[in-house]
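Here chain A shows up in two complexes: once beside chain B, once beside chain C.
Right, the complex of A and B next:
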């Protein structure tokens, strides 16, 4: 095609949706572009010192955390997923959804709870003293303890992704393997594990993103990671330039992870291999002894990841209730829920616009780049915070210099905070919307158009009524994620506004970790909603497929 | 006669030009005619109708509907403004709307919207089904609702995408005649895509054959059957045996070297006098109910598969054909 031809085609296909899509993509890209552009300003004064003395620590700690967490989450996540999808054993049904519950406990809250369990008058020391091993203590506030608390709160990602795979995978492969004389146990390692690898890694990458994103747990346990380093450079050293340099390195690691995940899936489309409609609905019934063992294996992570920390928090909450429960606490709760509610609404709306503008846009290049709009979830909250903070400070400064306003309009206001949340959680809203809209046959919207209705009317009359469940799940998921969010909120929140997550963090940092229990429990309680909801969706999808 | 649909030099490719779906296709359809588009899967049938409907954008060429330019490299009229009706392969009935609401959907603002819809439902024989929902209907009823919905706005061109592929054989034959009787009654110009040549032969005024995105032949049904322009077209309409050198020797029928020749299976005769004959040994006999399939070994050792409905006894037969039945193509 010659250039003139291409130009005519471009001109013909360019519509207002293309332009609107471009605006959304630009808005999402600004924080990341900012980091890239600011690199040209050079690093701060301490950069040399950081490179010489602490950068290696950051790298080493982050790497060790990644390795330890990967091992623990795979062991917990894959084994439990396999057991619940393949065998019958007592309480299997209950354990199936109980195993998702640790996801409702944010890593930093898990860290506080375990600091209590292993603390001087905690559960662990009480038990140890009771059995006569006086004075035996485990030092938990280090990188190993951190790996444990991160893993135990994040392993459900791997559990969910592997279980989805196991549920969707046809049994006939396994049956063929059994017929060829390979035992169930051996078949798992020879056949199922390699087949499930892409699904497991997809879940693992989500875990690693969260590990890199964590600030609360690492800072409380005193482990230096990139995130804590970025915080320190900005807020203790007062060197935004250095913080940006560290952010850039972290960004490269994150993009590396994304590319790795894409690469490992390049030739693998195992899950779509529709070999048989029959799946693991026909579960095996092992010997009684094995059945009890399987129940126990699945119960351990539930206990460690949910029951134990919640008990610790309940004990603390009882002790500190009178002190913590006051007008301020109620105000914070309302503010927290209010911010999460409004932002979730806006995020779902933007995700919806992104999805449909992409559909209505006819320019190929834009269509394929619209996925960039949902990269935010992979990028640590702290980097997005910095990426929003820098330009908003710049705009505020300019507005004040021009005498248009006398105070900050963007920086440290809800506008900047909501904007940062939307960039970070757009993907969370986008995915359920996308999958529910993919379930609608393309010919439905096509026939509406052929019958004379434009994009907009087709959306309201046909697509909107059919994706309502997707909208609801998108809203709930974003709402919870915002309620739990810590590092981004810590940096971006207005001075006079507080959230439950930040309040819990403040209590813990001020050596009043027991007072953090009440806000923490409230967050967990709210987050339980999607944990159960997610399981229902998973079961529904499995039975549909 | 005036052409309702006029297509010139239409091309479309996917994947940045890597996959050519349609390559320089030109044809027209006269007012009130029913035109069938036939081809193997991947031949570009679906792309062609999606371009006509405006659901995709062309790479080059032009589409005119009722003498109005609707698509070119500089212009693309949105599907909702083209006055094209479409019956989708899976019917695409809106699951959350009742039968009546589905049919009313596309009717332009008028006071008698509901009357028009009821009238059309009556036309397709679904009076009394207005309040039902799509999932409460049988496959054939859904098909007719889809047809009513597409006809109700009175389109200039009606497109049907594999209209009978979801129905079983019995239903298919009955509904095929019903549907096209209705279409003829309304006088709308129709274009329908099918991979079943029986459908095309039965109801189309004209048939259009696509192969690898190219238009290879467009003709009336009988002309297409009698004078196919390529072995591809011939084989779409029934089993065809290509007369290669070996077969020509066996039947002692020297044919011109610069063309390709073939004979239809139904033109082969068993134990009858005809222009070219060969002795054949029966290697295998497969009983298929109304007819049987024979695997033959000819005089010179060539193998040939023949389907016949005549009773064949013995181990050897005489197989032959007449010269008037030989199909010749420039290939």
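Right, the complex of A and C next:
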């Protein structure tokens, strides 16, 4: 194809959606590109030292962590999602939303809680001693413990994305396979699991991004990962350049993963022929014994990821309540709720625009680069902060130079903070939306357009109702994530706004883990509100659609 | 949905009210601080009451704050930077983010080795890095110096946290400054060889591990033992009581100390108030609060440390200039990586 030809193709494909897409993409990609530009400054002096002595360790540990976590979250996430959306069993309704809750426990708090449970004279040793196995201990603070802690707090990503898929998938396929005499078990592995792959992977990508950028839990458990390395190069060696270099490598790996995933499903069409109407009502009623077994299977991750750590937190909160509690916590809780709610709305909206502008735009290059927008999630929050601070300070300084303002107006305001959150959490909103929009049969929107309806009308009439569940899941996930977010909040928040995560961190970083329990519990409580509520909506939706 | 909406309205108005009440003409001081202790919040409140200067507190890790200051450049709103170690102040100074300041009061309180040579920062409080030993298994006469920790008798007995921790870095930096690179590397290697387990957890966890027999000696900060001895958790209390405190190097260089300190930002919009703030923090009232509620050693010689610290007795501190810790910090990290101190 020669240049002239290309140009004509470009001109033909260019439409207003391409331009709008470009604007959104630019807005979310600026911080990431800013970091990218910093790469041209080269790494710091100690780069050679890092390559010689520690890089291999970082790579190895991060890789192992990613593998262990993938296995655990798929086992927990997919099995529970399948059971709750396919079968009737006791407490199914409660378990359905309880399974989202482990997400509300910040990973580093989960790490502390488990260290407490398995520590000297912790819950575990008390129980073990009580049943007569004196002295039996499990050393939890190592890479296996870390994998477990991270997986158990992150598996809901996979649970939510695969459940969204299972709730909407066509049961007629299953009915067919049942009629052919294939067992439920077998058709799960032969039929459903492969079909659900994009949804599972969408959740898994989020988990892996978060696993790769965890700092708090890894450093407490003494496991050197890529991210602890990033922090070490910056904080201990005093070389932000080296830290940015390391995170660029991390980013390239993650981007590679995303592209690989896209590439390998390139020829597949995951839309179901017909969206069945009765899928919700057609839950199976297995034998009583099986029902109890299913309840147990779903209860295990709830217990490990939520009940057990919450019990530990309650024990600590009881010890420290008198010392820690003050009325300020009520305002802080409200502030956290408000910020998380509004930012989650904006993030979901931006993700939605990104997704549909991409779809409506016809330029191939833009289509594939839209994935750039979601990379923020793989970058440690603190480095995103640099990416946001640089351009926002640039605007501030420009305004001062032009005498429009006299001091920094974006710096340390809610605007900059919300912007940073959107950049960071766009992926969390984008993945569930994308996976639910993949299921929409293209012929639906095509026929709408053939009948002369525009993109917008088609969107509101056809596509929006179909991805509503995806929208709700995306909202809950982002909301909870923002409640827990820390490094970004610390450095970007306005002076007089406080969040629960900041409070929890203040105590934890001073080694007062038990005092951090109270604000952590409040985070969990705040996260409960939309989780329960939106789950109800999700169900209503599924039964109506 | 309605309830969520109400909640939302309330919370938004809470945030709205807060950002609205900016008083235009009153004096302000912006504090970038790594310290986030209750004692500090108490002090900040008192300062606001006494002086009518409103404090804007930005609380984050020192490195983030330094990065933020350097990005903000001349427009930085920061007036002062407070850190919990001298190394970070040294780093801020070497990035040209601080300026010199002085006052007769400050000069009379802070001794030379506890401040910057060019007057860019001063210390506020001290902590000592000591050896906590299992009272029932170790005789304190067996202990002498940090250097002695590498001897064969402590094989598999030493507990210490990760080398990412600044207090470990400062300790090694002081050894580099006192004894040179090669000695320091051998020392670090010796400690690694004697470790009871791979480094994990925080200082409190090291003491708990000693209490539970995983090792006999822990290299820890006095500050955290104070916290343990005042814990609400019985097990922590027991752990704290089961160890003895030994101040190493009394016959030689003195016990390694680290400080929490304050510097005045180079582009501070309110330098006079900033210096007033530093003076306030060094005066007896404030130092009493530091010492009393936070188990730190006060800088002001007229203020006594808390009861717990007094019980451990007086000790000779390493008078090495704290600037040396900053200068040698990077070398220390490189040595840690080389010898595999995680």
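Simple rule for what comes next: the second predicted complex is superposed on the first by the 333 of 545 C-alpha atoms of A that agree within 3 Å, B and C clash if a C-alpha of one lies under 4 Å from a C-alpha of the other, contacts with A are read in each partner's own complex, and residues count from 1 in each chain.
Methods note: contacts are C-beta pairs under 8 Å (C-beta built on N, C-alpha and C of every residue); 3 or more make two chains touch, one makes a residue touch a chain.
Every value quoted in this text rests on a predicted model; they were computed, and no experiment measured them.
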| item | value |
| --- | --- |
| Contacts of A:449 with chain B and chain C, given as first, second, both or neither | first |
| Which of chain B and chain C A:533 touches, first, second, both or neither | second |
| First (chain B), second (chain C), both or neither touched by A:8 | first |
| Partner chain(s) touched by A:400 [first = chain B, second = chain C, both, neither] | second |
| Partner chain in contact with A:224 - chain B first, chain C second, else both or neither | second |
| Partner chain(s) touched by A:374 [first = chain B, second = chain C, both, neither] | neither |
| Chain C versus chain B, contacts on chain A by residue | C |
| Chain B versus chain C as contact partner of A:49, first or second or both or neither | second |
| First (chain B), second (chain C), both or neither touched by A:335 | second |
| Chain A - residues contacting chain B, complex | 1, 5, 8-9, 11-13, 362, 364, 441, 443-444, 446-454, 461-462, 465-466 |
| Complex contacts: residues of chain B adjacent to chain A | 16-17, 53-55, 57, 59-60, 73-76, 78-82, 84-86, 88-90, 92, 94-96, 105-106, 108, 149-150, 153 |
| Chain A-touching residues of chain C, taken from the complex the two chains share | 1, 4, 7-8, 10-12, 14-15, 18-19, 30, 36-37, 56-61, 63-65, 67-68, 71-73, 75, 77, 91, 162-164, 166, 169, 198-205, 208-209, 211-212, 224, 227, 231-233, 235, 239, 329-330, 333-334, 337-338, 342 |
| Of all residues in chain A, those that touch chain C in their complex | 46, 49-50, 53-54, 115, 119-121, 141-142, 219-222, 224, 228, 231-232, 234-238, 240, 316, 319-320, 323, 331, 334-335, 337-339, 341-342, 382, 385-386, 389-390, 393, 396-397, 400, 407-408, 411-412, 414, 487, 490-491, 494-497, 502, 506, 509-512, 514, 529-530, 533 |
